[in-house]
Amino acid sequence: METSRIAVKGIEFGGPGFVVIAGPCAVEGAEQMELAASAVRRAGALMLRGGAFKPRTSPYAFQGMGEPGIRILSEAGRRHGLPVIAEVMDASQIPGMLERVDVLQVGARNMQNFSLLRALARLRRPVLLKRGFCSTVREWFLAAEYLLDGGNEQVILCERGIRTFETALRNTLDLSAVAYAKLHNRLPVIVDPSHATGNRDLVIPMSLAAAACGADGLLLEVHPDPDRALCDGPQALAPDEFQTLMEKLPKVLESVGRFLGAPSLSRASV
Amino acid sequence: METSRIAVKGIEFGGPGFVVIAGPCAVEGAEQMELAASAVRRAGALMLRGGAFKPRTSPYAFQGMGEPGIRILSEAGRRHGLPVIAEVMDASQIPGMLERVDVLQVGARNMQNFSLLRALARLRRPVLLKRGFCSTVREWFLAAEYLLDGGNEQVILCERGIRTFETALRNTLDLSAVAYAKLHNRLPVIVDPSHATGNRDLVIPMSLAAAACGADGLLLEVHPDPDRALCDGPQALAPDEFQTLMEKLPKVLESVGRFLGAPSLSRASV
Amino acid sequence: METSRIAVKGIEFGGPGFVVIAGPCAVEGAEQMELAASAVRRAGALMLRGGAFKPRTSPYAFQGMGEPGIRILSEAGRRHGLPVIAEVMDASQIPGMLERVDVLQVGARNMQNFSLLRALARLRRPVLLKRGFCSTVREWFLAAEYLLDGGNEQVILCERGIRTFETALRNTLDLSAVAYAKLHNRLPVIVDPSHATGNRDLVIPMSLAAAACGADGLLLEVHPDPDRALCDGPQALAPDEFQTLMEKLPKVLESVGRFLGAPSLSRASV
Amino acid sequence: METSRIAVKGIEFGGPGFVVIAGPCAVEGAEQMELAASAVRRAGALMLRGGAFKPRTSPYAFQGMGEPGIRILSEAGRRHGLPVIAEVMDASQIPGMLERVDVLQVGARNMQNFSLLRALARLRRPVLLKRGFCSTVREWFLAAEYLLDGGNEQVILCERGIRTFETALRNTLDLSAVAYAKLHNRLPVIVDPSHATGNRDLVIPMSLAAAACGADGLLLEVHPDPDRALCDGPQALAPDEFQTLMEKLPKVLESVGRFLGAPSLSRASV
């Protein structure tokens, strides 16, 4: 099925270019984001990620910096010419994010938060819709329908692992669902191997596998100092590991008729 | 572990009395609710359920009547002396529900909607927290902590089936989780065998099993005419089936030192 | 659906009497089995269990006593007038078991060991067929068809928990599958809450729930000294806990029109 | 972790060469196997597969040709210079297979058939051990220990999909488990995307992904006429589709420092 192309400040999802989004799980401060943005830009990432509102299983865990985190993310992205993506947990957070965030991410736990989906459907801003970790592919597609049917066609799907009986890794990355989505849905599909595996040693092989099976991009956790990360450190790549991955991707992409997306001229002039 | 007792207009959850909540999946109109309320009251239910905001997998399915549905539910409950429970999907719906709904239900898909939990934590109104269909018991308890830690101690847990590989039934009712919760958590726990099984033939045996393993009550779908239900008809009991169940429950409850909760005097005088 | 009745030395499965089978996970020696048989007989069990061939995940774990264990089991059963059940892992073990074991058990891992099923189908000896922990109800019924179609109609089904994402307990006891089997299959169905939960604190409530939802009996682990068991001690009941359960069962059974099976006259005269 | 190398008539598993095994799910007759062997050899497969003993969920489904099927498989392999692999379901089948079959396959349902594993451990013949569709990686490794500890070090692991809640495809191919096994186990690991997906449209992308994430080879279903296959036709590739896959693999393999294994000189002279 022909994939729709969705442009974010000149970066195209769903075309022949493969888009790598990278950055830390959570925004922890200006210095961390400056180091992260600089590192991922240097290695070739096209967008910067960083969470300011963090959905945490326990109320006693670090919940994110909130709106100040959004500002820090946005400024780091601007300095390095990187559009930014951040998770929105609730419709009330939308207004504060609209002027600073280029792609609004719906997290796995909110894939069926239909109130949130309806609010996002009314925007003219791209949405990254993560598959719920216990959602079938059919439910994922129908959650996307809430956005499409509501008027927002700028939807990017993201597979991030499903919950199974296996306990060796955090979740089970379902790349078959990616290949299936490429056959049966016209939306671009990217893969988040960091959350799926919960283990940085597996991020490189699973990123290459994602590229080989037809994904349109990656959403990766890269932290300037993973051992000191406030959130999900064990799954974050260090900058040199990310660099290694970015050097391996082009050949795999070439083998399936794709290429690693490069910064566009317009953005380079930022 | 000693179970906390939570009172809803004189009905006690977590005490020796077993509380049966019944009614249709969705409010469809005043006549349907009048018939439903009358039938469940006659058979001995202590509370009335009925959804007005329905979280549906597909945007093209019936989404509920919204606020008019809340009014119809509330009036039917009042006429029959039954406190009412309805699902809240979003914090924005809370104000309109507060004056008409006695227990606010958080549905399985929203168990980790932390924005909604934080909003409910600030209320002085009982909350029924359904276990997510892919949530571990630990995650369920931690979701309840969002309410407790936020200041609302009136929390009732509800097991409604988990998602497994089995496809013969809608979900797999996890009664072990109920028995486990009774040992390790002080909150009352009720069981929804209607959603769990998706099949009315199994509702009676699983209701009896729930009573036998220590649950504090049931949340049941009863529809005056299940074959014409707009939502989940195959799992709704008809009034006479519900009556049959209510006649079987007392003996099972007696065998585990409990009794079927009866309308309190204060409510009887309504 | 009318349940077929299967008789084992005067004990009837599938009739109004509820059959409790109890004993240790593994035969460890003559003294252990004597204590176990004596304790379970005294509390009212009708059959004695004990494994001699143990399917263990690791080759380095205790693998069972083998044929000497079968002899010890059989003698303990004979002394106390209790027919015995033991697991058969391979067709080559059948001849040695036939003269000493009254019911041959197919374990969960072997539910789809079709060679073993075909061998058992040619016998005139009752078979207890455990549901595989990842088998659907449909697959369980079809595994039973290998026995029935092969000529052995003396088949008893046993639900023992399925594998899910939940990690608080060993497996998820699927009592809905029991109620479903009672509606859609004519074979007797018993429940093993010991393996399902892996936790003795949950065995009593889940046994009562099994009785309430329509099961025809229980398969329970009871060990004279659970803390010293060579296999699965944490899920075994001590004799006094088993006694407590046996005192609670009659009332639950009465509430669903059943009774706790008692030793038959013929056996009592042993 | 350094991977052990296992040689099957000059074909090396676990070295830099990537080994493709192909052929039909079931041996159906001499003509079918001649066409299949010819097609897979021409496209570059190094080994021929074909089942003669088929573990089928239902006793009423086609159960395989048995020993005559083994002969047909063996002769087709010999004519085309292809070593052969076939599934063994029971120790009693081993003697008849030893002189004709080069690799004995343990199917997913038998991964924990410890009697069978112990019998295979005593041989000097390579064993392909499929992961059970509900087995954890740890259990898979421990099942391999039954072979290794019993004396047979020629073990090849095979991931073939796990059972999850997802129903769009037959199983969920767990490529993370492959990458994990490459890090934590020294045995070669190959992938069976045909059984995992149950859908030929997904076999090519998932084969490429398997190569990219570090697998040592593939086990593929190729049938000369998939629409007439007696078993699992929807997941079999037609010869031209298989040819297409074989043309795509080299580039992906090159990108991860591997190459597509080629027939050795000794075999070419057959």
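Think of it as A, B, C and D in the order they're written, each chain with its own count starting at 1.
By definition in this document, contacts are C-beta pairs under 8 Å (C-beta built on N, C-alpha and C of every residue); 3 or more make two chains touch, one makes a residue touch a chain.
These numbers come from a predicted model, not from an experiment.
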After a C-alpha superposition of subunit B on subunit C, what does the rotation angle come to, in degrees rounded to the nearest 5?
180
Any chance you could check whether A-D or B-D wins on number of contacting C-beta pairs?
A-D
Would you mind pulling out the distance in Å between where the CA atoms of subunit A average out and where those of subunit D do?
35
Taking each chain's mean CA coordinate, subunit B and subunit D are separated, in whole Å, by 50
For subunit D, residues contacting two or more additional chains:
134, 163-165, 167
Could you pull out which subunit C residues touch subunit A in their complex?
134, 163-165, 167
Residues on subunit B engaged by subunit A in the complex (per definition of touch)
55-60, 89-92, 109-110, 112-116, 132-134, 139, 142-143, 145-146, 149-150, 163
Interface residues, subunit D side, partner subunit A - complex:
134, 136-138, 162, 164-169, 172-177, 179-180, 182-183, 196-197, 201-202, 205-206, 208-214, 248, 251-252, 254-256
